[in-house]
Amino acid sequence: MPELETVVREIAEEMRARPDRGEVASYIPELARADANAFGIAVVDREGRVVVGGDAEAAFSIQSISKVFTLTLALGKIGDRLWRRVGREPSGSPFNSIVQLENEHGIPRNPFINAGAIAVTDVILSGHQPRDTLGEILRFLQFLAEDPAIGIDEAVAASEQRTGFRNRALANYMKSFNVLENPVDFTLGVYFHHCAIAMSCRQLAMAGRFLAHNGRNPATGFSVVSPERARRINAIMLTCGHYDGSGEFAYRVGLPGKSGVGGGILAVAPGKASIAVWSPGLDASGNSHLGRIALERLTQRMGWSIFG
Amino acid sequence: MPELETVVREIAEEMRARPDRGEVASYIPELARADANAFGIAVVDREGRVVVGGDAEAAFSIQSISKVFTLTLALGKIGDRLWRRVGREPSGSPFNSIVQLENEHGIPRNPFINAGAIAVTDVILSGHQPRDTLGEILRFLQFLAEDPAIGIDEAVAASEQRTGFRNRALANYMKSFNVLENPVDFTLGVYFHHCAIAMSCRQLAMAGRFLAHNGRNPATGFSVVSPERARRINAIMLTCGHYDGSGEFAYRVGLPGKSGVGGGILAVAPGKASIAVWSPGLDASGNSHLGRIALERLTQRMGWSIFG
Amino acid sequence: MPELETVVREIAEEMRARPDRGEVASYIPELARADANAFGIAVVDREGRVVVGGDAEAAFSIQSISKVFTLTLALGKIGDRLWRRVGREPSGSPFNSIVQLENEHGIPRNPFINAGAIAVTDVILSGHQPRDTLGEILRFLQFLAEDPAIGIDEAVAASEQRTGFRNRALANYMKSFNVLENPVDFTLGVYFHHCAIAMSCRQLAMAGRFLAHNGRNPATGFSVVSPERARRINAIMLTCGHYDGSGEFAYRVGLPGKSGVGGGILAVAPGKASIAVWSPGLDASGNSHLGRIALERLTQRMGWSIFG
Amino acid sequence: MPELETVVREIAEEMRARPDRGEVASYIPELARADANAFGIAVVDREGRVVVGGDAEAAFSIQSISKVFTLTLALGKIGDRLWRRVGREPSGSPFNSIVQLENEHGIPRNPFINAGAIAVTDVILSGHQPRDTLGEILRFLQFLAEDPAIGIDEAVAASEQRTGFRNRALANYMKSFNVLENPVDFTLGVYFHHCAIAMSCRQLAMAGRFLAHNGRNPATGFSVVSPERARRINAIMLTCGHYDGSGEFAYRVGLPGKSGVGGGILAVAPGKASIAVWSPGLDASGNSHLGRIALERLTQRMGWSIFG
């Protein structure tokens, strides 16, 4: 087995040099300003060691990666009753598709497509003030990452508030089926803001540790969720974490993972490591192009695939 | 860790006694004759030990489980060129849906829905005689299971030949997009027959060993496929192996698996075991009801989930 | 040919007595208060004679019938450029479907499904204040019907403003494709209000005269639109005027017509008459149950079908 | 009103000269051999006068126009029971779409899309021999056109038999829902052959007379169908006769019509004339490009639109 440090360093070097970098997301205007040349990686192993490469300390918009943490919070609040309001099957559709909602009575296919994550946000909000709910999500991430400096990029949130018509369509559509309980603007306000949380690869890999270690922080032993729940969240990440590229990610990388259109990916090697990568250029399915390749290299060289 | 023998015995006893048994498939008339009370399980561990419970020696129609082995053969024949003719994303649709084909120019979403498996069969056939191709598939299974007694249930094959109008629709539809190269009747003939192969849980678990052990027979060390290919087949089984219930299976069982409407499931615990279960009653997604529950028990008690 | 007065009276009597009355729309709460026993009919012939039956003077919510008049206004404003923003094919989908929008880049299929009518409203609004635009639509109807008493039922408008989540979804969805130019709330405000215009059968039949007579008021000779435009609006009413029941209406009634979920239908017998019927109970496609039957009787007895 | 002879002559001259001629259908190999420069027109008025222009005597493959006549025959056989097996709504889909079938349990939307016409053919076949049924269809056309020379182009039929995989898919799909009663090959055999009937514009316009004149041959007074049935067939032609271009045809031409991929269109001006045009180049919806333009000219100049 090669040294993790060596592997991470070589991956960062390769990714830095590659000419193919994907397309930076433009559908949220503020995200279009990201640097296509950026690449970062951070790996936290079971001993709590953090190995980083490239722009691992630079904060980026985590976007849909936040959905892993809001799902965790919503399950903590209402447990399996959550599954009455959102499914857990891959959708076979793009991240912002509304067709599936019409065919299935407004119930989103899974918590990681936009519609599903909006429904999950509505569960966390549940009658509270948007500001309070957003604070709760932010504190949860700060706690998991052991870093109180994590915050929201207000420019990104405002940009999405102004232009997020498709998410507004999804939310109103679900509201028409009574899948959302709170005022649409409240739910969307929280949703847009938690997607606009900015984190570095280091912070993100730290926050994901509990998923790699049976629901616990391996350093402190503190339990975040039960082992069964950690496994199940990982399962949903594997089948649904990359929108309509989830099969491809499983095939090539072989780890549970969740991507965001900001170019980040959080991946989990159960029992071994929590991993975050970031590169703003996306592939056709809306997932980080170099991020996926970097993770493919990492699992191959470290033998971390969950598939053997 | 409990004894595997104890776990398997207790699962067989529980499954034998449960009143909820699902619905026996009726869409192939011959399959409707299966005994809803049957339940079998067989586990082959890395040392080659076979632990069985219930009706583990009774032969049943493996149906779509054959698709794992035809995929393996097709990859052996043309490698990654296969992916020009079939995708590897979950479909978000029932096993026999044709909608997806119309939306995606006749290219099936993955090799485990019916359309995809027909396209894979067409690749194996590739200009040969149906009889010869079918012989090749059968010999491959006999070799993997180390059992020359494995054969085809001709009554099931004939029943499907007479009534398989929906599969005939899928095949002709793909033919109209030039996704199939052979005469439709040739390809379907091979497809209907390899789905009609009859195997016991013991034979099936034996045949699946290479997927659990890096592509090798762990007893003999003989390599069937490369470690990478074994991992990738497992990944496709995880994301696509249970039709529109694949997310549910990953969530509850946490193993790569492939089900068939005959009530069988082949599951793979990488590095640990190859597992086959059988109970003819199906759930709403067309997967064995008790088979899935049995596998859920097994992975929980043995700690075999790939998700931590 | 029977006397029109006799036919209208007998139709009103039959409809008053029938036990099958359809289901009053409940999706806008305020509409659910309509009296299922109501039935009205008004026919204006080419000489300008008005023949009425039943509750022909009672005002009801015209709902989607307003779309005929907003289409006329929008064509008056921008002519055939309108067809860049909305199609003119039957949709094969329910009135509030969003699936078609996703498949066709946010361009609604025709101006008579909800999405299409919202896009048409956006064209009329075109940078003006909602209040002014609404005034323009209202004055157009008052002018056509020669009745300044026509107004908006504010309770219905407010009810739809509060609950119209699905229309809000459609509008935001189109906005995400830049099909709408004005703020979504402005466009929807005008849309909800023009759907809430209340008219009697008499007023509606008067307003529809220009469509029956080559674009002119047959009494005054005053031209509203060109003969070609009148024909074309009639053609769209025939193919698209009854949502997913348009084929059925053409088959049974044989006249261009537009229905609303308030239970009204405006129908046009070219060269012969403008007709309005009203009965609040709807059929499965959302069209007035007795209204359609009444029109079927009328065209059969008067020989007014456009199909021979 | 201009002279019909003058109008027809001028239309034939304009169409002969236009450079835009559409694309000759290639999906049936044999049809691809048609001459893109051909154009023919024939009009039979209520006095039985036949006015022709261009290549009005040249035989072409009527293809889907045959569906008007098979619908008439099927209604003659089982009356309104036909509507249990096929709908009468526009489909909003291309002529050979299978998506709609999956969504609606194998019941085709209307008798003029391919699936619907195959179901109608199955009704006519109804246990008879394909050869006899085909003879019946052919004799019906010979009788209507008063021309025993009408026959089948066997090369076209054979070409479609060899390559009609998509129609084969549609038929098998419906068979899986028990919408077809006869062996799929029998029904398709009759379908492929009646689509391959070859007729000239003159013959086709003669055959369509009964639809323009209340179900009767205006010359002999002989009744083919009841007036109501003639109106209803016209209504279905109007809403469904041009696949996903039916709205466009109604909007521009304003007559009931049925097109075929051979480039022919049969149109009906109720009470006035039966019209056939032919030009092999098709538009994007699969309808004759110049045929539609020619009919638009004709109705405008003669004032024959049914819409006023």
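Labels A, B, C and D are assigned to the chains in the order they are written; within every chain, residues are numbered from 1.
One rule holds in what follows: a contact is a pair of C-beta atoms (placed from the backbone, for glycine too) under 8 Å apart; a residue touches a chain by one contact, two chains touch by 3 or more.
It should be emphasised that the depicted structure is a prediction, and the values quoted were computed from it without experimental measurement.
Peer 1: Strictly by the touch rule at the top, which chains does subunit B share as contacts with subunit C?
Peer 2: Touching subunit B and subunit C alike, sorted by label: A, D.
Peer 1: Which chain has its C-alpha centre farthest away from the C-alpha centre of subunit A?
Peer 2: D
Peer 1: Could you give the separation in Å between the centres of subunit B and subunit D, each centre being the mean of its C-alpha atoms?
Peer 2: Each chain reduced to its C-alpha mean, subunit B and subunit D end up 47 Å apart.
Peer 1: Taking each chain's centre as its mean C-alpha position, how far apart are subunit A and subunit D in Å?
Peer 2: 55
Peer 1: Between subunit A and subunit B, what distance separates the C-alpha centroids? Give it in angstrom.
Peer 2: 32
Peer 1: Pull out all the chain pairs that touch, please.
Peer 2: A-B, A-C, B-D, C-D
Peer 1: How about subunit D: which of its residues touch subunit B in the complex?
Peer 2: 97-99, 101-103, 165-166, 168-173, 175-176, 184
Peer 1: Of all residues in subunit B, which touch subunit A in the complex?
Peer 2: That would be residues 87-93, 100, 109-110, 211-214, 227-228, 230-232, 234-236, 238-240, 244-248, 250-251, 254, 256, 268, 270-271, 300, 305-308 of subunit B.
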